[in-house]
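Dumping the structure here so I can ask a few things about it.
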Amino acid sequence: MTRPDNRAADALRPVTFKRNWTMHAEGSVLVEFGATRVLCTASVETGVPRWRRGSGAGWVTAEYSMLPRATTTRGDREAVRGKVGGRTHEISRLIGRALRSCLDFKALGENTIMIDCDVLQADGGTRTAAITGGYVALQDAVSWITDKKIARKPDRILTRSVSAVSVGVVKGVPLLDLCYEEDAAADVDMNVVCTGDGDFVEVQGTGENAVFDRARLDAMLDLAAKGCKELTGMQVRALLS
Amino acid sequence: MTRPDNRAADALRPVTFKRNWTMHAEGSVLVEFGATRVLCTASVETGVPRWRRGSGAGWVTAEYSMLPRATTTRGDREAVRGKVGGRTHEISRLIGRALRSCLDFKALGENTIMIDCDVLQADGGTRTAAITGGYVALQDAVSWITDKKIARKPDRILTRSVSAVSVGVVKGVPLLDLCYEEDAAADVDMNVVCTGDGDFVEVQGTGENAVFDRARLDAMLDLAAKGCKELTGMQVRALLS
Amino acid sequence: MTRPDNRAADALRPVTFKRNWTMHAEGSVLVEFGATRVLCTASVETGVPRWRRGSGAGWVTAEYSMLPRATTTRGDREAVRGKVGGRTHEISRLIGRALRSCLDFKALGENTIMIDCDVLQADGGTRTAAITGGYVALQDAVSWITDKKIARKPDRILTRSVSAVSVGVVKGVPLLDLCYEEDAAADVDMNVVCTGDGDFVEVQGTGENAVFDRARLDAMLDLAAKGCKELTGMQVRALLS
Amino acid sequence: MTRPDNRAADALRPVTFKRNWTMHAEGSVLVEFGATRVLCTASVETGVPRWRRGSGAGWVTAEYSMLPRATTTRGDREAVRGKVGGRTHEISRLIGRALRSCLDFKALGENTIMIDCDVLQADGGTRTAAITGGYVALQDAVSWITDKKIARKPDRILTRSVSAVSVGVVKGVPLLDLCYEEDAAADVDMNVVCTGDGDFVEVQGTGENAVFDRARLDAMLDLAAKGCKELTGMQVRALLS
Amino acid sequence: MTRPDNRAADALRPVTFKRNWTMHAEGSVLVEFGATRVLCTASVETGVPRWRRGSGAGWVTAEYSMLPRATTTRGDREAVRGKVGGRTHEISRLIGRALRSCLDFKALGENTIMIDCDVLQADGGTRTAAITGGYVALQDAVSWITDKKIARKPDRILTRSVSAVSVGVVKGVPLLDLCYEEDAAADVDMNVVCTGDGDFVEVQGTGENAVFDRARLDAMLDLAAKGCKELTGMQVRALLS
Amino acid sequence: MTRPDNRAADALRPVTFKRNWTMHAEGSVLVEFGATRVLCTASVETGVPRWRRGSGAGWVTAEYSMLPRATTTRGDREAVRGKVGGRTHEISRLIGRALRSCLDFKALGENTIMIDCDVLQADGGTRTAAITGGYVALQDAVSWITDKKIARKPDRILTRSVSAVSVGVVKGVPLLDLCYEEDAAADVDMNVVCTGDGDFVEVQGTGENAVFDRARLDAMLDLAAKGCKELTGMQVRALLS
């Protein structure tokens, strides 16, 4: 089986991180996984949500959204429909959980970092691009906090890094980092979030068109671990540049 | 480590299925996983959603909800707040995907089965109880369809069964079927949906308080497979009685 | 005229109260009027709504809802539609008014008791079952408050009891406690809330299909008074058991 | 006890009907019960709601609303809050039921008459003024239909008239047609809708601050019957002028 | 070209202001521009919106709405649809900006004046009638404040007056104060708000059916200035009466 | 007075148009007015809104939105708040009107072009950039239609071009194309939409902090006309490249 762009089954698409892509946010990264393009901004705000006040600990939360014409056919705006859809809610929650695993909230103090992930162009893997780019924006925002010395222990806020990638099985073949065409044809679809050390933060595998056995699950987890390892390296290089 | 109810680490709580618990629905099952109690009804409706019309294929969808005082402290009603929350959306989608994996939609014809899962009392594992009980309600609804001969090929609608269970790691120990007290203390939490044949339909593992390595993931998957196998047996017995 | 279940015109359906039906709420009663089955929970919360703060007086409020498949055909969830319907609002307000008539709010102090009435199965008379069962749940919650001594004058909170019943005129015959089949055929429909002493708290009679004269109104009020008297006796017995 | 305007206990406030008060609606009546001022318009529309299509029968529905500063302190607009409140829902439903009792829907054919009741100034009794004025607007709209001969049997659409009045018990004295000051002080409050022939259409009595016995209920019903009889006469005169 | 009511091209329709039209509001004016009839109430409230607290300065805001049958065909209620439409939002904002230009907010102190403009009958020019009548209601509310001495410098709150009028080009002819029939036929439509001194506060010209050159724009501005000057005179006379 | 970027009072900021900036939309333009950056996409859809069906004529509509962190401080998402704000509504309507003035809808046939303007980075003048860039996206979409020959008279759809610019008065000096810092300090703010031929389509001038006389209005209109003429030239060059 040949992939649309002739990649190997275990190859990522070209990945780029454009830091400081917009000028107002404390962290702002345009991340591209092939044709998928997501703008991740990190906004630092004083204070925490009501339920966390007085805890001495900070918070990170995320919101994901797609521009109406990020996709092949235009989707209605959720603001116009008057409510956030189930898929959007689910992805926003996933991104938030993944990025919260990177921080020592006590070190952050009662400050909130809001991660906004807006998909400007979609070609599969938008949520994994959002997490991977969102981490870079988060680190830039933490650096801003560190520079300003506005947290309790600014040096120790970040305790690990995360990246994420999709894997799937298409016509019986496990593939890494599916584009939209592959995603639409996949029997099994899995999103995996790993730390820079190779541990798992989140594993979400779904077989709506087919079920999968343990061997297939293991093959997908192997691919994902490889992909996340490569993404971690790219994040490090982007943050050094 | 001792569990609150002295269960073994790999033991399920007592599970019961009360079929025909209400009188109007085509399938109606009160499922209990220990103190967790979920009413699952399956409603058969002629026709399918607009985007599926003319396909000749049916549909299954699910809605999950909690009664306000199913939990230790009262939660606001989503109807009063005017919107469905992210967690509810996410669980409803999970139940729908899991149950859709059981059917041949062409055999069902253009009919819809709506699965409602209302949590009457919560003590951990409500979504996995909902899937496991929802399957029993679904099979009762399919039997009703078969009796009425209202589908295209009523004998062949169900192609497999599903059950689900939660697993987690508490103080370093992998545990099967967490109650609320355990769930609140877990470092890693995983929900697994399996078919009656032991394949995976959905694997969702989350480490918000901790990350997990491959060995831990494997241990949790083993527990889940064991739990789902037992649940499958209970479903079969319930459906025979 | 024969009633579907061969009852006399002035007879109630079998009524049961199952106290402590769920484990988390301070009061929890599953009430059945024939096939109508309503779960009434009473939740005690510290504090009162904003407009009542500083008054030294407590509050009771109620929310009524139907599970989607409590009825013969499935109804949409109000949470999914994003708003509470007119009928639901109206019944919630009725239940709240009825139960508020039982309390000395100064004795309760600035505490709120929230009564949730969720219809698990509907066969006519859901609002009257909700009030009658809600009173039992309310008394259990007040006993809990009394035991905890958390109110100002816990011994004097409840000043009277209430129960409620529907009456109607079907094919010219006044009937007590209508089931769904009778309710759908009724020319006049009336819901009456009485105290344990036989006074009226609320009288709501509606003749959408027909009008009614004073004699008919008197006949319905007589039936309702008789029904409420019997329900009061059953409440007392349930609370003693 | 003296009433604020020195009326007798069984006297109505001055009542006026200004027909054709606005120019666009098929029926348009400004009704005044003392200082309470409600604009009732009746709009004739071809067709009926979806659930009634093909029945050959028409429909009447009503919407009630208050201008923000109809009251002593400004109330928020329901459009701005994004939802219709429970009280508004309840009153709209009451008005609709009351006016629907006047028509032969088969004679109306598949046409809808929409009654809008907007309270321009409130001083108690807004819902009863709305029903009483709404009937006059309804009759003007039916005359318009009759003139245009657009219904099936335009001569026979209206089968009876309705009017409505509030009664209550203030400091132990039953009073007819309460103004706001009296309403706020009432122990029992009742709204009664009668036909022109003196039958009841709707009886809604509520004792939130007190309960009431049968004798008191009878006294209130007597007052209401007297009040509605007088209102019927005024409606007839207004429609003849 | 003859206008429907034979007015000259530069003539206003008959304009009336009925002050104290309702009894509860601090300012209450029924303004009529021909058949257009708008009820403008001004409500004085202690305090200011959250974002303005502690500034020592007051605030004025406005809400515009149409009764459902103010127009030739009935419009749905925004409360029932659950959201305020774009046109309503736009006009409310325009009225608020126009009226805010009249006040010294420091002199007002931390008090809010809420202007409600409800269109009882529409025949073109509802927003300009609302501004012109709203100013009169505003001045009455300010007089009430001055009488009560509840502002910081009650004598100096109002610093100028405003009025507004529509102008347009119909079949090539610039016209002042368009009625609905003219408005519907206009190629260009413009709303102009002027101060009593003849300065501009707001100029909004729109050519959806046609574009317009500078000469036409100048002609419309001339007409508007003339119209506002006359309206200013009428406001002064109404406030003196 | 010196401008923040040392521009002359009558100079535009650097303006760029990046066509085909995203790959899915029929027209896709990233427009920059200095640091203001707006993504304008034009989506062609078969069919028209319900109220226009059967007319043989097409439709153009627009939606404007800001990414949460397009601005110096993060704004809440309208989707999360559950409603579109007044400012967003107002700007969306302005863009729609401006772009509709360019088309012959009969020539377009019953097709709709949806213009989405999403502000990626804001520094004043977002609505005028949206109109100016939106026109370029619209022309690309019309070219796509022309190529596909899917309209009635594809050659004649566009009848004119539009561009827009803001002008204002800052410290007494009329300025063209205000950046955010200038806009915040302006006494008068005006947005002007012109055709390529120099006619006006829309003129919106607002003096919330000050009023303005005719001379000032004329000076602003002169500046705007000059700015739009230059923008028209840039649009032509961008479309030729």
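Order as written gives the chain letters A, B, C, D, E and F; numbering starts at 1 within each chain.
The definition used in the following text is that a contact is a pair of C-beta atoms (placed from the backbone, for glycine too) under 8 Å apart; a residue touches a chain by one contact, two chains touch by 3 or more.
What you are looking at is a predicted structure, and each value in this text was computed from that prediction instead of being measured.
Novice: Which neighbours does subunit D have in common with subunit F?
Specialist: Where subunit D and subunit F share a partner, that partner set is E.
Novice: Among A-F, E-F or D-E, where does the C-D interface recur, judging by over half of the contact pairs matching in residue number?
Specialist: Most of the contact pairs in C-D are shared with E-F.
Novice: Based only on mean CA positions, could you tell me how far subunit C sits from subunit F in angstrom?
Specialist: Centres of subunit C and subunit F (C-alpha means) sit 59 Å apart.
Novice: Averaging over Cα atoms per chain, report the distance between subunit B and subunit F in Å.
Specialist: Each chain reduced to its C-alpha mean, subunit B and subunit F end up 50 Å apart.
Novice: In whole angstrom, what separates the CA-based centres of subunit A and subunit B?
Specialist: 28
Novice: Taking each residue of subunit A in turn, which ones touch at least two of the other chains?
Specialist: Subunit A, residues with two or more chain partners: 82-84.
Novice: If each chain is a node and each touching pair an edge, is that a line, ring, star, complete or other?
Specialist: ring
Novice: Where on subunit A is subunit F touching in the complex?
Specialist: Per the stated touch rule, the residues are 22-25, 28, 35, 37, 39, 41, 43, 45, 63, 65, 67-72, 74, 77-80, 82-84, 88, 114, 116, 118, 120-122.
Novice: Which residues of subunit C touch subunit D in their complex?
Specialist: Within the complex, subunit C touches subunit D at residues 83-87, 89-90, 92-93, 97, 100-101, 160, 190, 195, 197-208, 211-214, 217, 221, 225.
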